[in-house]
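These notes open a run of structures that come right after.
Common to both upcoming complexes is chain A, partnered first by chain B, then by chain C.
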Partner chain A sequence: MASELDTLHRVVTPENIDLQAECAGPVSRCLAYLIDLGVRSALLLLLALAPLFLDGAGFGLLLLGWFLLDWFYPVLFEVLKDGQTPGKRALGLRVVHMDLSPVGWNASLVRNLLRTVDFLPAAHLLALLSMCLTLRFQRLGDLAAGTLVIYRGGVPPAVPLPDVGARPLPVALDRDESVAVISFTRRSLQLSEERKRELVAILEPATPAGVSDPVQYWQGVGLGLMGES
Partner chain B sequence: MDLDSLAIGARRRSGWSAIDLGFTLTRQWWRPLFLSWLIPAAAVCICLHLVLWNYPEWAILLTWWLKPLFDRFPLWIASRRLFGERPGVAACLRQWRAICATDALPWLLWRRLNPMRSLVMPVTLLEGLRGRRREARLGVLQRESSGCALWLTVIGVHLETLLPAAVIFTGVLLLPNEVDIDAWALLSGDVGGLTYLFNALTLLIMALVAPFYVCAGFTLYINRRIELEGWDIEVSFRSLAARLRALGGVTASGLLAVALLLPAPVRAAQEVAADAQAQYARQQIETVLEGDSFHQTTTVTRWRYKYAAEETQSAPIPEWFIGLVEWFENIWPDWQLAADTDLSALLAWLLRALVVAVLVALLLLLALRYRRTLLDWAGLEKPAPARTAAPQRLFGMAVTPQSLPVDVPAQVMAQWRGGDQRGAVSLLYRATLTQLLHRCGIPFTPDLTETECVALVQACKRPELGDCLDQVTRGWMRLAYGHIDPGEAWLQEQCARWQGLFADE
Partner chain C sequence: MKQAEFEALHTAQWERCDEILHHPMAEGDSLPGLYRTICAHLALAKQRRYSPELVARLNDLASRGYFALYGAGHREQRLWLRFFVLDFPRAIARNSRYVWAAALLFVVPGLLMGLATYGTDDVVYSFFEAGQVRQFETMYEPANDRIGRERSSEDDWVMFGIYIYNNIGIAFRTFATGLLFGVGSAFFLVYNGLAIGGVAGHLTRAGYAVTFYPFVIGHGALELTAIVLSGAAGLRLGAALLAPGQLSRLGALRLAAAECALIVYGAGAMLLFAAAIEAFWSSRSGLSPGVRIGAGAVLWLLVLFYLSSGRRRGP
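What follows is the complex of A and B.
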C-alpha cells in the first residue's frame, strides 16, 4: 500500500504523532494568485487617484503604496493571518513550513522575495515548471524558504444521519476502520441501496450471526462510534 | 473493477485536490502519456501540412480542433494504469481504431467547445453511455466538480496561449544585442519558414499541457466516483475483513464470543473502577501542582520616592533631548511649516513625518527586541536575581543558625570519638551549609542537589569557600552513600578549616 500515488505530505513528530496535509497544486494556486493580483491592482488603482488631487505628495504616496503592496502584501497576510492571503483564503489554501508549523517572518520574506525569480522568463513560467516537477508542488521560492502550500482541512459539515439506533462494536477496530464505518454511516443517503448491501457484504466475517439487516446494523455501529444514541 | 490494485490512495478529496492528484499521476506516468498524445497528433499535423501546404496557419488550427481525438490516447492509458495494468504507448496506439471510433463526431462538432470537456469525456468514453442515461449520469457527476473542471479549462487555455509567448520571449532575451532582428516580422509570420517553426512549437506545447489536462479531468471524474460509490469505504472494509480472516476462524469467533458474551455488569464494574482510579490520580496531580514545588512567592519591599510625579513635571528639559532635536533640525532643516502652506505641501510634510516616525519606531523596536544582546555588548551586567527567603531545611537537614551547637568543631570531634561517625560528618556538612547560607548569603534553594550547591558556591568570588564546601560535600557523600570512612585526620583538617573560616566572628 506504500506505493499508492497521492498528494499527501506526512510528518511524524518526535512524540510519534502522525501529521499529514494535502499539498496544493498549480491550478488552485494560480487562481489564488489571480485573486490576490485583482485585490492588489484595485488598491493600487485607488492610490493612483492620489496624484490627481495632491500633486507631489500624492505621487509620493502612490510610490510608497506601490512599494509596500508589491513586497509586503503577501508577507504581512501570510505571517499575521495564519498563512493566508485573501486569494488563498478564498481557495482554502495555507502556507506552512515543511514541518507543518505556521509560517514565520523569515520563510515568508524569502518565498515572496523570490517571486521575482519565479516570474522569469515571463508569466511565472519557472514557478509553473518547478511546481509540476517537484514532489510537493513547490515553486523555487518555496524550495528556498522550506515552505509548503497545503489545503486547510475543515470540519465536515453536519449531515442527516440514519435513524436506526446506536449499536456496540462487534470487534475491536483500528483508526482507519473506525473512520470507514463512520463514513459509511454519514454517507448512507448518498450511496445507492445496492451499493450499501455490497459494502456490508464485505464485512460478513465481522457481522455477528443472527443480524437481520446488516446495513442497518453497521449504520448503528457507526452511530455508536460517533457517540450518537 | 478491482479496487485492491488501485494505484491511488482511496480517500475523499476536494475538487482542487483531485486536480492536483491528476498532476501527480501525470508526473508519474509522464513518458507514455506524453508520447501517446504527441505521436498521433504529430502524424496528423504533418499530414495536414502536406495537404494544406499553402496554408500552414489552417493546418495548425485544424490540429488544435482535433484535440478531443488525441486526448483519448492518454485517457485510455491513465484509465488502465489506475487499476494496476501497465499498457505502454505501443499497446495504446494499436487500439487506435476503437479509441477514435467511440462517440467521435459529437466531440468534434457541437461538444468541441464544451468547457467541461476534461470531466465529461471519461463518462462517454469509459462508461460508453448515450442519450438520456448519459445526461442523467452527467447530472450526478457534475453536481460538485463542474466549477473545478471549468477553471481547469480556463487555466489550461491560458497556459497554452502564454507558454509559446514565454518561450519566444526567452529566446529574444537570450539573443545578444548585436543581433538585430525584426521582431514585428517575426510575430506576423512574414519570414519564410518561421511559421513552420512556430507551428512545431505550438504542437509541442499542446503535447506538454494535454496530459496534465486530461489526467486532471480524469481524476476529477474518479474523485466523484470514489465519493458516490464509497471506494474508500470498500478498501477499508476489505482490509478489515482480511485482517479478521488472518486472525483465524477459531480465534476470531472466540474473540467475538468473548466480546459479545462478557456480561454487562462485569464491564460496568471495570469501568467504575477505572473511573475511580482516574479521579484519584487527577486529584493527586492537582494537589502536587498546587503545592509549593510549583510556586514561588516573593515579597519585595523597597523605597519609592513619593513626589516623583510632581518632580518630572517641573524638571528642565534633559540635555540629550535638546541634542536630539538639534540633530533632527540638521538633517531636516525645513521641518517647520510655513503659515501659508497649501494642502498638498501639508500632506507631503505629513507623509515625510510619517516615514521618519516609522523609521524611528522600527529602530526602537529592534533595540527593544535585541536589548539583551546590546546590553551584553555594552558590558553592562545583568540585574541580580531577586533574593528569596532562606530555606529552613536542605536535604532534609535543618539549616537555621539556631539549630547548630555553640562550638561546632568540638561537638563534631566529640561525636566522632563517641562512635557516631555519620552524625559527626553530617553535623559538619550541615553547619557549613548553614554558615554559607546565612553569613555569606549564598542563595541555596531546596531544589538544588549537593553538587549544584558546590557549583553555586564556586561561582561566587571567594574560592576558599567553594573549596571548603567541595571537600566537606565529597566526604559526606562518600560516607553517607558509599559507606567509605573519611578518616579522623581528614575530619580534623576540615574542622580546623571551618574554625578558620566561620568561627572567628
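What follows is the complex of A and C.
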C-alpha cells in the first residue's frame, strides 16, 4: 500500500537489497530555490561593494563573480558540498545520481546549464510542468543528467514508547495485523486521545471482556509484540 | 525474533559500522564484511516487518556503506591534462557530424550576411538598429588608439570580466536551448552568424578593415570555434530527442548529455582563453596590423589542428 502512495525511488544493490530514497517534490524544491536566490543576491550585493575599493579592476571582478554566481553557484555547491546548495541544506534536500550516488561534475554541470531551458517560458514553468509529469519529480535538467533530488533521509529521531507494561496477545494475529498494532503503539504518544479511542474501537471485537482501558490494553499488546517489557 | 531482541543483538555492529563510515581510517573490522552483515539485517528487518524507524536506520547505514564501497570516485592524477589531450578532441571527433552541422549553420548565414552588407549600404539596417551600427562604427574607427567595445575606462580587467560574462553566457545558452529539439541552438548559431557577418561586411565596406580584422582575428580563433562547438553540443541533445534510434528518448538524452558535458567543458575553457586574449592582447594597437594578423592566423591553424587531433588519435 505505502509503496504505491509514497514517492520512493528504489535501487537494487549487488547484495540484492533495496536501497530507497524519498524524492523531493516541487514545493520544497521551489522553497530551496528561493533561499538560494536570496543567498546569491546577498553575495552579489557584497561583490558589488568591491568596485568601491578596487576601481576598474574591481568592476571586472564583479563581472567575474556575477558570471560564477550565475552559472556555477549550484554546480560548485552540489559537487563539493555533498549535493547540497545552502537552500537545499536548509530544506534537507540533496542531489544524487539515479543510482543514489553523490552527484558528480558532469551531471551537475548538465542539470544546471539546462536550467536555461527549465526556466522557460518564465519562472521555471517548464521545470514545474516536467516535475509534475514525471514519476520522480525530475525537471528537464534532471532527466538529461540522470539526477534526482531526494530528502536527505538520515535516521528519524527515536519516538518514546508508552509506559504501560507488555501484555500477551488475546487472539492470534497475522503479520499485517500485528504490524498495525505495533505501529499504533509506536505512534500513540503522537496521537490525540480521541483518535486513539477511535482506532481502538476498530479492535472492539478482539478486545477481551472486562478490559477497563482498551487504549492502554492494546498499547501493552503492541509492546509485547515488539518484545519490549 | 522480536524487534527488541534483534536490536539488542546487533546494535553494537551497527554503531561500529556507523563509526567506520564516519572515520574510514579507523582500525578494526573491515567495512566490506560489516556492510554485508548490515545488508542482511536490512533484508531481515524488512521481511519481518520491523518498525519503519529501524528499517530507515539500516537503510541509511546500507546506503552509506554502498557508496563507500562502490561509489568511491577514482581520482586520477592529471585528469585535466588527459581531458585536453585526449577526451575533448575525441569527443569532438565522435560528434563530428554535429560539429559540421553547427559550423554550417553559423558560417553560411554569416557569409551571406557579410556579402550582403559589403555589397549594399542598407542591408545592415535590416538586422541592426541605426544606433547599434553607429556604436560599432565608432568602436573600430581607425583614429582610435585602442580598439574594442566601448573602452572608456581603458581597463583590461573590466573587459576581461565583460567578455567572460557575455561570451561564455552565450555559449552556455546556445548549448542548453538545444534541449528544445535543437531549435534553440540552431537559432543562436544562425543569429550569431548573421550578427558577426553583418558587422564584418559593414565595417569592411566602411574601410575599417585595417582596425577590425587585426582586432578580431586573434581571439576569434577560439571564440568562434567555441560557439560552434557549444552549438554542436546543443544539436546533439536535440538530435537525441528527435532521432533516438534503438534507445528510448530518455536513454538517448542521457547518453547525449554525458557526451555534451565534455564538449561544453572544452568550449568553456576555450572561451576563457579567448576572453584573456581579447582583453589583454587583441586591443594592443601598438603592434603593427601585420604582426597581429600573422599571430592570429597561426592561432587559427593551431586551434583547428588541435580540434581535429581527436580523429588522428582514434577512438
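Odds and ends about this structure:
Quick note on the criterion: the second predicted complex is superposed on the first by the 155 of 229 C-alpha atoms of A that agree within 3 Å, B and C clash if a C-alpha of one lies under 4 Å from a C-alpha of the other, contacts with A are read in each partner's own complex, and residues count from 1 in each chain.
Here is the rule we go by: contacts are C-beta pairs under 8 Å (C-beta built on N, C-alpha and C of every residue); 3 or more make two chains touch, one makes a residue touch a chain.
Keep in mind that what you see is a predicted model, and the values were worked out from it rather than measured.
Looking at the shared chain after the overlay, A:I17 reaches chain C, while chain B stays out of its contact range. By the document's definition of touching, both partners, chain B and chain C, reach A:L61. When the shared chain is aligned, chain B comes close enough to touch A:A122, but chain C does not. Contact with chain C, but none with chain B, is seen for A:P102 once the two complexes are overlaid on the shared chain.
Once the two complexes are laid over each other on the shared chain, residue contacts for A:S183 go to chain B and to chain C alike.
Of the two partner chains placed by superposition, A:V211 touches none, neither chain B nor chain C. Of the two partner chains, neither chain B nor chain C is touched by A:A90. Overlap of the chain B and chain C interfaces on chain A: residues 55-57, 60-61, 64, 179, 183. Within the complex formed with chain C, the residues of chain A that make contact are 13-21, 55-57, 59-64, 66-67, 70-71, 100-102, 104-107, 109-110, 113-117, 120, 140, 143-146, 153-156, 158-159, 175, 178-179, 182-183, 186, 225-228.
Within the complex, the chain C residues that touch chain A are 1-6, 35-36, 39, 42-43, 46, 49, 51-53, 56-57, 59-60, 62-63, 66-67, 70-71, 73, 153-155, 157-162, 164-165, 168-169, 172-173, 175-177, 179-180, 184, 237, 250, 253-254, 256-258, 260-262, 264-265.
Considering their complex, residues 6-9, 11-14, 16-17, 19-21, 23-25, 27-28, 148, 151-152, 155, 159, 162-163, 165-166, 169-170, 173, 212, 216, 227-230, 232-234, 236-241, 244-245, 252, 255-256, 259-260, 343-345, 347-348, 351, 355 of chain B touch chain A. On the chain A side of its complex with chain B, the touching residues are 4-8, 22-28, 30-31, 53-58, 60-61, 64, 91-92, 121-123, 125, 128, 132-133, 137, 151, 169-173, 176-177, 179-180, 183-184, 187, 190-191, 195, 198-199, 202-206, 208.
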